[in-house]
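So, here's a batch of structures to check.
Both of the next two complexes hold chain A, though its partner changes from chain B to chain C.
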Partner chain A sequence: MSARWLFRRLFDLVFVMWFMATVIFFLLRVIPGDPVLMLLGMDQVSKEAVAILRTEFGLDQSLLSQYFLWLANIITGDFGVSLRSGIPVIDLVRSALSVTFVLAMFALLIGVALSIPLGIAAARRQGRMTDLALTTSALFGISTPSFVLALLGIYIFSVTLKWLPVAGYVPFLEDPLEALRHMVLPSIALGLVSAGILMRMMRRSVIDESGEEYVRTARAKGASEFKVFYGHIMRNALLPYMTLVGIEAGILLSGTVITESIFALPGLGRLMIENILHRDYPVVQAAVFVITAIYVLANFLIDFLYTVLDPRIKVK
Partner chain B sequence: MKDSKSGLTSGELQMAEMPNLASVILRNLFRSPAGIFGFGLTIIILICAIFAPVLAPADPLLQNLTRATILQLPNLDHLLGTDPLGRDILSRLFYGARTSLLVAGSSVATAVLLGMVLGSLAATLGGWCDRVTMRLMDSMLAFPLMVLAITISVALGRGPVGAIVAIAVVNLPTFTRLARAKTLKINQSQFMTAATVMGAGLLWRFVHHIVPNMINTIIVQTSIALAFAVLMESALSFLGLGIQPPAPSLGFMIAEARNFLTLAPHVVFFPATAIFLIVLGLNLLGDALSDTLDVRKER
Partner chain C sequence: MIFKRFFQIRIHVLARLVVCGFAVITMLVGTAGPVLAQSPSQGGTLTVGMPETFKGFNPYVQIGRQGFNVAINVFDTLVTYGPDYVPKPLLATSWEQMDPRKWRFHLRKDVVFHDGTSFDAEAVKYSLERVREGRFGKNLKRVTEILVVDSNTIDIVLSEPFPVLPAVLTQQFASIVSPSAFEQLGVDKFSKQPVGSGPFRFDSQNSSGSVTLVRNEDYWRKDDNGNSYPYLDKVIYQIVPDRQTAALAMQAGDIDFNYEIPLPFVDSFRADPNIEVIETPTLGWFFIFLNTGKPPFADVHKRRAFQLAVDRESIVEAILLGDGVVALGPIAPSSWAYDSEIETKGFYGPKAEKKKAKAELEAGGGGFEFTMVYPAEDPFTGIAQAIHGQLGDIGIKVNLIGKDFGGALDDMVAGNYEALMMDWSGRIDEDLVFAPYFTTGGSSNFGNYSNQKVDDLINKAGSSSNLEERKQLYGEAQNLIVEDSPLIWINYPTDRKTMLINVIGYENVGDYRMRFHNVWKKN
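Right, the complex of A and B next:
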């Protein structure tokens, strides 16, 4: 890995960010509906009031100057204020981000914790009953929408057994135990799907690596089965797995929209959906931009880590 | 195109070498239980969807709003019970599967066709055409899929068209990249050089050489993309962005019924199972196909 490679990747990163910012801006302007009319109520508004608000929000300026203002704002990190509540967008996004982040990390933790041992177990007993049972459950996991898992979880653990709250959010600092109890179901609903995807990958790469020449060499040289497995097979099998974990982290951070809306968690996805409905452009733009930026950054980080972890990868 | 005599010869040669794709697929598919199950499940669901008007025991939109007729448990009149508006759930499932598959199918078909054309054009023409196309596809992949799909379907207005375009756009980069990679390889082969020397045009080469040689990989990716598209369609309609009520869609059926989870869990359970079965069938089919067509080794 050279400085030149890093420079090029950083350039790509900036390009993608600009592209995203542009697409987000123009896509949102296509959405029918006027934010000012939405805010004031559809009828019985005086033209003056509408005009005043338009000027205040900068909506009277041309689309192009609004666009450049948006780009300038991103660079300075100032996303303006919410049209509806007047709260600085950056504050809304920051508090939502922390909720989404905690949720995604819990889910990822569940996914990883389940997929590594189960993936290994399936691969080591390839073709036998254990393997069949595990791969079938993984397939079930990836074939179920997370909102179905969420509703199933609510029905079993909240409605029937009454062990866990149905929905809602408690800040961690206020009451750590309650906060955790509110996070259990959402993170399991998200995490099980990831577990299925990750487990299939773990199994596949352990099986693939086990068939490699170097494994036979190691065995021929008399290495213990433990050494062969953890020293040789796992070391290599973890590489593709780690890439997928990174991708999954990006997907989870950006894919909590539905889970958040089911469990009434005030995260980024819910911020986005709610404000799309109210045409609160600054908030939606910022939320979508932040979600996308996290996703892009996560992928960038994986690429970077991958070249560090695997010296065989020659960067063009 | 028929007057291009040389091209016809090479095209026939090419076709003669290829065994009948459909029969190869079917023969190998039935070797594994997963393949049989996935194929069978998908066929059954397809039949339910296509023949929904014949199979459905009742009008899926017919409401019956009395205390006795809403949220009924499965009974002889309504085999799967009734929903919060007293509509027959089984009939709604048939029609819901139909819309689900229609949206997923047409969006994936769009992505496949457009992706194949764009990808092979990019690979064949090269230069700035290649660079611009692939940069665009990379940038599209940089978006989180769900967020991109939601934004597009909101921008285009709620309804089937918005959902179809959103899901097609989200799937397009994968197919374009796949088609490009395959075409680059195919273009280097000798039969391609021969065809070009004999004067086969761009369209001829595409139809008679490029498409038959990458169809295996595309078929496998299509079944995976279909499963994903059904999931995405159900998620969009769950959020109220897909098919608009009162038209039945599996995702929105769940969204409508979720407030009655305590009272009547079966109203949520049945459409959820329907989505699960559709996606499971397609996933099994995809797994079996990728083993059969041996695509994994090629990648």
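Right, the complex of A and C next:
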């Protein structure tokens, strides 16, 4: 890993983040809907009230001067305050990110833990009943929207059996056991969908790699089946799988609007949707900024992991 | 469904008769019989499902319905109201009009704020000054001076007669705060840690946004038996953004009380023996602004044709699943100004009047086409589609444009529409409805409606202190307005609260506010 490579990736990161931030800044202002009107609502809206608030929020200035002011502020780490609540945006994003992070990690863990063994099992019994059953279940997992799984889970485990709470969030530091209980259903609802997607990739990769010539060579050289499978096939099959895990991690970490809403988890997805609806510009801009950073960093990490899994891949 | 309601009512009546019968027998037998009236038990936690995160709790800024629902249990106001919406004492024991421009309020002497400081005239002056300089200041724009007469008396001096003042002081933006806490904490902190004199103290807000209130041990209000309010130890407002989850959480017993539930759940909740549904008509409307400032609705005949062609009864039954009451004009049946004469003599009725509508259409030059903006969410979308069909029947073509709520509000304020659907929650005094919506240049008159006669009637009613006279004047104004049809009224919606059956004592006023001082939980 050369310094030049690192520098280039860093430059990419900054460029992509700036680009996305700029796009979202102007997009938010192009779409109809005025934060001031949303704040005032039907009960208090009047032309005078609108004018006063626009000045207070600096929305009466030109678009370009608003943009440069905002850009200058984020360089100094100041993301501003929420128009609705007056709470510093950075606090809102940080607390939402911590919720989303926990949820994403649990979901990904379930996805990976299920997809690797099941994917291998399906590939090893390709074309047989086990394969058919597993791929069908995976398809079911992918095509069932997570909100269906979520509502079904709530109905069975919370309303009927009363084993788990319906919804809500408890921070881990406050009460680890309650926190876990609250995370079970949302993680499973999300994790099963990921498991479906990842399992199909695992199965495909193993099947593809098993037919490669180096596998035949290894067997011809008398390597044990264990060594052939875990030392050769799996090592290569994991490469495309890891890429997909990275993409899944990015998706999960950028917030899952529906799951977070159903389970009342105050994560990034909910923060985004609530504030887009209220046109709370500073919050949405900061949230998009963070999500972009997560994506870019996840990609960076995957690229790095490639070099570990396959030494032939060199970073240039 | 009507039959089902009918039977439910019958069962209620029967149950009441049985209970009354028992009560009479108990009285006759003497004290040896069982005590039938349930005495409230102290303690317990009430968990309330709320749909959105809170913006804060400073009553002088726009904290929305969500925030005000917490505020109403933390702060008291000088004046309050019950289901009849007539002002009645709270922190003020009485008030009188010294002259048309001066009101005197006498204050309670036994009230302390949650921080231990005393409530007095200085605190009222301080709080009302904050209202005047805050975002709701325009509601008190006629106030020129607030004078402390003595520690329990305050005078409010006005620039012009304003009989509605006591009604305005019932509103949450006129909450009385602890001046010392407000000064010490500053606006930002106070908004996160509000200090009032209400039945509950603000305890905390956790990282998921949920809020906990605890019992105010020093609260001054008592029930009829001399027990101190409130009964509950704690109220927890839990954020549950998904309404279906909130409904399921109640069925699972995780939530005791729900701020609102989706319409499709209502029937199953009514049938659930563990859940009570309380429905109270509100003063608000679902309605459509017609832009009278430009074609096609500059023409009164076209507006009237629209008004007459709408079949509200079928919209309320089919789209709103029986929610609320068909609206025949701006004055809702729960208002003191309501006159039931409108039900028989109104300009239009609950059903479409196609003949009359067609006659108006002819008078206005025949069929036409217009565009209607509506918030693309439930139940607006359904209403818009129904109206599309109903107007189509008489030869009016409606082009529908669904926007998100923000987009629709933009168009409304900019006057950038021909017809635009909205809803609002109403106001407790008709002056606060008629003046903004129907006077020329009124602050909510987004359809540019203007009628000199209507202006005169509204101004006269707004400066009169005689309730009967005001009722008559608003009635006259309503008749003129409905004939001019600057708005199309659809229904007066219902404020629907659901709770587990062990939650007792809740009174639903119909103003979307939840007051918990007299609520208790049966063990």
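Odds and ends about this structure:
Rule of thumb we're sticking to: the second predicted complex is superposed on the first by the 291 of 316 C-alpha atoms of A that agree within 3 Å, B and C clash if a C-alpha of one lies under 4 Å from a C-alpha of the other, contacts with A are read in each partner's own complex, and residues count from 1 in each chain.
Keep this in mind: contacts are C-beta pairs under 8 Å (C-beta built on N, C-alpha and C of every residue); 3 or more make two chains touch, one makes a residue touch a chain.
Here the structure is a predicted model, which is why all the values come from computation and not from measurement.
Residue contacts after overlaying the shared chain place A:Ser224 against neither chain B nor chain C.
When the two complexes are overlaid on their common chain A, residue A:Thr55 makes contact with neither chain B nor chain C. In the superposition on chain A, contact of A:Ser65 is made with neither chain B nor chain C. Once the two complexes are overlaid on the shared chain, A:Gly250 sits against chain B while remaining clear of chain C. Contacts of A:Arg84 after superposition on the shared chain: chain C is touched, whereas chain B is not.
In the superposition on chain A, contact of A:Val16 is made with chain B only, not with chain C. For the contact definition in use here, the residues of chain A common to its chain B contact set and its chain C contact set are 31-32, 151, 154-155, 159, 261-262. In the complex of the two chains, the chain B residues touching chain A come out as 138-139, 142-147, 150-152, 154-157, 227, 231, 234-235, 238-239, 251, 254, 258, 261-262, 265, 268, 272, 275-276, 279-280, 283-284, 287.
Chain A meets chain B in the complex at residues 15-16, 19-20, 23-24, 27-28, 30-32, 139-140, 142-145, 147-148, 151-152, 154-155, 159, 250-251, 253-255, 257-258, 261-262, 272-273, 276, 288, 291-292, 295-296, 299.
Put simply, chain A touches chain C in their complex at residues 31-34, 37-50, 53, 84-86, 95, 99, 151, 154-155, 158-159, 162, 165-171, 174, 261-266, 270, 274, 277-279.
On the side of chain C, the complex with chain A involves touching residues 52-56, 62, 64, 135-136, 138, 188, 191, 206-210, 238-242, 244-245, 248-249, 251-255, 403-407, 409-413, 422-425, 436, 443-444.
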